[in-house]
Amino acid sequence: MGKTRLEAFSDGVIAIIITIMVLELKTPHGGTWDALAPLWPVFLSYVLSFVYVGIYWNNHHHMLHAAHQVTGSILWANLHLLFWLSLVPFATGWMGENHFEPHTTALYGVVLLMSAIAYWVLQQRIMATQGPDSALAKAIGRDWKGKLSPLLYLSGIGLSFLHPGLAMAMYVGAALIWLVPDRRIERSLASHHGT
Amino acid sequence: MGKTRLEAFSDGVIAIIITIMVLELKTPHGGTWDALAPLWPVFLSYVLSFVYVGIYWNNHHHMLHAAHQVTGSILWANLHLLFWLSLVPFATGWMGENHFEPHTTALYGVVLLMSAIAYWVLQQRIMATQGPDSALAKAIGRDWKGKLSPLLYLSGIGLSFLHPGLAMAMYVGAALIWLVPDRRIERSLASHHGT
Amino acid sequence: MGKTRLEAFSDGVIAIIITIMVLELKTPHGGTWDALAPLWPVFLSYVLSFVYVGIYWNNHHHMLHAAHQVTGSILWANLHLLFWLSLVPFATGWMGENHFEPHTTALYGVVLLMSAIAYWVLQQRIMATQGPDSALAKAIGRDWKGKLSPLLYLSGIGLSFLHPGLAMAMYVGAALIWLVPDRRIERSLASHHGT
Amino acid sequence: MGKTRLEAFSDGVIAIIITIMVLELKTPHGGTWDALAPLWPVFLSYVLSFVYVGIYWNNHHHMLHAAHQVTGSILWANLHLLFWLSLVPFATGWMGENHFEPHTTALYGVVLLMSAIAYWVLQQRIMATQGPDSALAKAIGRDWKGKLSPLLYLSGIGLSFLHPGLAMAMYVGAALIWLVPDRRIERSLASHHGT
């Protein structure tokens, strides 16, 4: 019933989040490469966050597609997810401007972790309105990506204080496992099992 | 007829309002917790305003769902509501950056109060196009939340000059009575009356 | 065919225009009324521009509702209108921050004038795809508002250099003639002619 | 299936990109023409980028209209295009504020080039889901605009270091060949061939 409007609102918020992040790329004074060079860390942070918000939009899209109805608790679980995603631009900007200092990469991981938890909560609320044999429950399956990524974020938070580069490796790795198309992996797993 | 576009436009404006608030969380110079610490009041203000704008979006969603047609006066009552909501980021930022000083919590209450009045006006305009026995009129019922919250905002404005903490308690309280799902309360009331 | 997407895109742009204007209301340092007071001109400019963008959204809504098809020239006439509207936040901010100095009220008038011309061009492009007896042509009728407002904007631009207050009176007046509901006027005119 | 939401999300992002560019037009201190004058390069850059983003929106609109289904690779090719478009405001602001200095016009060309490549990739992904005789493949035809514009962007990047004015001529020229309506050219070509 109200699913269209929930999607439209989420799309709006996610579209704005993904776009205002670019405002952290503040135009430098001076028109030379030298003036541009200090922006590299901000740019790289932007690329990673763009990919993350893109992944969330993509998954959100598929998850809501499988939802049948929108209850009050789904509405609020959705807003809760949007809240944490709305902090991504801030965490990205802080990390980029401070050249991946330990505290900033840790905070970035916290925002990723909280977003992942909020996504999981939303997923649970949607599945609660459906039976355990629903299409969504089947599509999610064992949800190894959903279980592995929080561990990577947690590792990243801890590793930040050892070496921020290790933390970033965790965050990039978690993004990559979401980017690799699901179906091929599942099919290859299926064909292995089939033989 | 034009309801879809009214919803889409309102969704757009509310999505932008809820997201640009986060721009008040300006990335601090320096990548340590010490640099981050002064942002706590801004963050807490952001959380409260996020919840308020979320409540408005949620209620707006339900109210327009019950509307049959969109008249000129509904269009303008809706824009009037969006106008006051558009001031939420400003009031939030001013309050957060000045650590809940009395004038800032009072202004925050004024914006909440004016938004509540604008919402009530919109509700009246929509009901005016329907009969007194309409589904919307029944759904709203005695509207105790709609009547209680302006009183809480007014109290908050007054209490700001006594102690801003008391004002904030009023605003948090008013948000909580909207967050608690309606139906349970109404059902429990219904079952009490039924016995 | 593509009308829905044209409306959605226009809604998006107008929603963002109306909302980013509020970013010109920069949160003052200091939490007292004294710190807030210098913002009055910015606030009043914001109110006027909010009403103007609201009027454009409202009229745009009705005009596109009457459009049957979307041609390339309609798409570009629409983008042309959005271009001038996108300058409203800039003109508003400049005028508000400089307390309605002559050049700023003149520029505000120029942006309003160009927006009105762009709206008229879009209207012509839409009517060109329809016959002279189309519903849109009839709805627009003699279009006295569309003819009077550019004159008021032009007067405002000229009067800016005499006294900015007179210019603002022109702009407020032009907004008011759009705010007053059409149909009543037309009916009252009709009833006068009928007698 | 999910095409509507892909369009809506893209519309949202493009609408925000086109609108936040205007934030680079920072309101000058002082309310005179003299205070406004230094903004001319920023304004001209804004006009060009507005036209470019408008062209992309327009073409994106037509291309997705011809798409039948949305696959994972189309989703990501679309996000990839939005990523490069999201850098247009930054490149525009840097170029405008530094009065078309060589490095800035070169970077502007790089962003245009990457956007063109991303658009081409998206086009390929959509066509890959359809046969070689699809309506889209026919509509694109020999795609001389799509082949000529990257060459113009490349020339512009090179010419930046000779004279930025020449680079700008390339970028303005590439925009113009997209603005001129296709059909007339194709018809005139067709009629020439026909004789």
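Of note:
All chains are identified by letter, namely A, B, C and D, in their written order; residue positions are counted from 1 within each chain.
The working rule: a contact is a pair of C-beta atoms (placed from the backbone, for glycine too) under 8 Å apart; a residue touches a chain by one contact, two chains touch by 3 or more.
This one's a predicted model, so the numbers in the text were calculated from it and none came from an experiment.
Homomeric contact chain C/chain D: same residue numbering on both sides for under half of the interface positions. Of all chains, D has its CA centroid at the greatest distance from the CA centroid of chain B.
Centroids of chain B and chain C (each the mean of its C-alpha atoms) stand 28 Å apart. Chain A and chain C have Cα centroids separated by 39 Å.
The set of chain B residues that touch two or more partner chains comprises 8, 12, 15-16, 20, 23. Chain A makes touch with chain D in their complex at residues 7-8, 11-12, 14-16, 18-20, 22-23, 25, 27-33, 36, 47, 50, 54, 57-58, 61, 65, 179, 181, 183. Residue ranges on chain B touching chain C, taken from their complex, read 1-2, 5, 8-9, 12-13, 15-17, 20, 23-24, 72-73, 75-76, 79, 82-83, 86-87, 89-90, 93-95, 97-99, 101-104, 107.
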